[in-house]
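Here's the structure, in C-alpha cells; my notes come after.
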C-alpha cells in the first residue's frame, strides 16, 4: 500500500478518516465502517513502520477501532444482544462524529476565505495626537491584563515598522541640514512649548539623522529662530518669534 | 468652518484609526441617539463603496473603524515592506469555528468534535485575543467556558455572530437524495 | 473590484496616517509621472473641502498626509473624557509594554519605538508605582534607565516577566514550527 501523504498534514484521527473516505471514494452518508476501519488501521501501522512519530490521539482511536474489530470477529452468542448493540452504537457514533467534524471543516473553508479577504485590508494607526491627548487624562482606572500588554506592544512595533520603512527612504537621500531645518520648522509648528531635543528627534531612527537634526538646531539657534534653556539635565527650546529668514 | 454630523463622525473614526469607536462613544460625542447615529453611519458606509474611495467602513459588534480597500495593499507594497499578514493554521481555524458556533463552550466539547487535544491552541488563540474565557459551566468540575472576541469578528469581517455562514445540514438533505437514488 | 487612481492614492494616504507619503513615493506606487499624480492630488484636496468630510489633505514639502479637520478635536476630547475607553489607557499600556519587554530601557528608546514623547507618561507611571528608575545607562549623557515594578506584575497578574506572552516575531516562528510538527 502506498501513501502519498504523511501524518503531519492531518489535524487528528477524524481528519485522517475523512481523508481516507475521500481517497477510497467511500460514501460518508452510507459509510461502510469496516472498510474505513481497515484503511485507518493500515495507515497508522504504516506510519509506525516508517518510524514516524504518531500522535497519541491517533493511537487512542486505533485502540478503540481495533477493539471494535476484534469483538466483531468473536463467535456470536445468540442469547446476548449486547455485542450487537455495542457494534451498532460504535458504528453510529463514529459516523455521527465524522459528519459533525466534516461540517466544521466545510465551514472553515468559508471562514478562511473571509479571513484572507480581510487580511488584505489595513487599518491606519491611531493618530499620535490622540495618544498625546490621552496622556493628559488620568490613569486611575487602568485595568488590563497581560494580553492587553502584548497587543499594545504589537501596535507599537507595527507603527515602528511603518515609520522605519518610510524613514529609510528619506535617509537614503541624505537629508541636508537645510532640508532638515525645513522639516523641523513644520515639526515645531505642532509642538507645545517648550520642547526638548528628543521631541525634535522623535522621528529619527538613524544616528545620522539625529546628527543632522543637531546641526540644524545649532543653525536655528545661531540665526536666533530658537532660544534655549537648560533645566533638569534637559535642553528646552522655544520659538523666538523671529522667523529666521534673512530677508 | 461649515460641517455636518457626517464630517464629525468621519473625522473621529479617521483619527481613532485601528482603535475604532463604538456606537455608544460616537453617539456620546455628537450627543445624538444611537439609532440616529447608526443610520448616518449606515449611509456613510454606502458612500464609501464608490469606486473613487480607497477605504471603507467596517462594522462589527457595534464597533466601527475604517480599513483600506483590498486593492490598496499591492500598491503600498511597492513602496514599503508591509509586515507579513497574519496567518492562521487549519487547526486554529477549526478551533475558532467550533467556538464561534457553539459558544460558550468548554475545552472538552471542542476536543470531542476535533478529536484532538487543544489546550495549547486555546492558549495561543487567547494570546492573540481571538478567544476569551466566559465564566464556568455548571457541570461537574465547573470547567472554563470559552467564547470568541470582537477581534475575531473583525478578523473575519463579520458584523456579528449571526452573520456566520450556516452550518451545513446535510444529514437530512443528503440522506433523502441518497434514498431517492437507492 | 472597480477602482480609480484616486481610490488607490486615497487608500495609500489613509494607511500612512500621520506619517504621510511623499509625492515621489506616491508616483512610484501608482507608476505615473509625479506631475500627473500632483494634479490628481490637487483635485482630491479640493473635494475634501466639502462640509461632509472630516479630514483634509495637507501638503508640506511635497509630502502629503490626511489630517482631521480642526473641529474634530473637541469631539475627540469629549470621547476621551466621557468614556473610560481602552484608548485612554492605550498610551500607558504601550509605554508599559515597551518597558516590560525591553527593560532596563531609556526614555529615548521608548520614544523611538512609540514615536511619541512620553516624558509625562513616565512621570505618571512612576507616581503610580508601576515603573521605577533603575540606574543610568553607560551611553553618552548617561540617561536614566527605567524598569517595571512588582506593582506592575500584580496589576497584570504576572508572577514574573518570563510569563509575558511572546512578542509577535517569536510567535511567528513558533507558529510555523508548530504547523510543521502538528
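The first chain written gets the first letter, and so on, giving A, B and C; residue counts start at 1 in each chain.
As a convention for this text, a residue touches a chain if its C-beta (ideal position, glycine included) is under 8 Å from a C-beta of that chain, and two chains touch if they have at least 3 such contacts.
The model shown is predicted, which means the values in this text are computed figures rather than measured ones.
Core chain by CA centroid proximity to the global CA centroid: A. Distance from subunit B peaks, on a Cα-centroid basis, for C. Averaging C-alpha coordinates per chain places the centre of subunit A 18 Å away from that of subunit C.
For the pair subunit B and subunit C, the distance between C-alpha centroids works out to 23 Å. Counting partner chains per residue, subunit B shows two or more touched chains at residues 14-17, 19, 66, 68-70, 72, 76, 79-80, 91, 127. Across the assembly, subunit A contributes residues 11, 122, 124-127, 129-130, 147, 150-151, 155, 162, 166, 169 that each touch 2 or more other chains. Per the touch definition, subunit B reaches subunit A in the complex via residues 14-20, 56, 58, 65-70, 72-73, 76, 79-83, 85-86, 88, 90-91, 93-94, 96-98, 101, 112-117, 126-127, 129, 154-158, 164-165, 167-168, 170-171, 174-175, 178. Those residues of subunit A that touch subunit C in the shared complex are 8, 11, 122, 124-137, 139, 141-157, 159-160, 162-163, 166, 169-170, 182-183, 186, 196, 198-199, 202-203, 205, 233. By the touch criterion stated above, subunit C contacts subunit B in their complex at residues 1-4, 6-15, 17, 21, 25, 28-31, 51-55, 66, 68-72, 75-76, 78-79, 82-83, 85-87, 90, 165-166, 171-172, 175, 178-179, 182. Contact residues of subunit A toward subunit B in the complex are 11-15, 27, 29-30, 55, 57, 61, 97, 99-108, 110-112, 114-115, 117-127, 129-130, 147, 150-151, 155, 158, 161-162, 165-166, 169.
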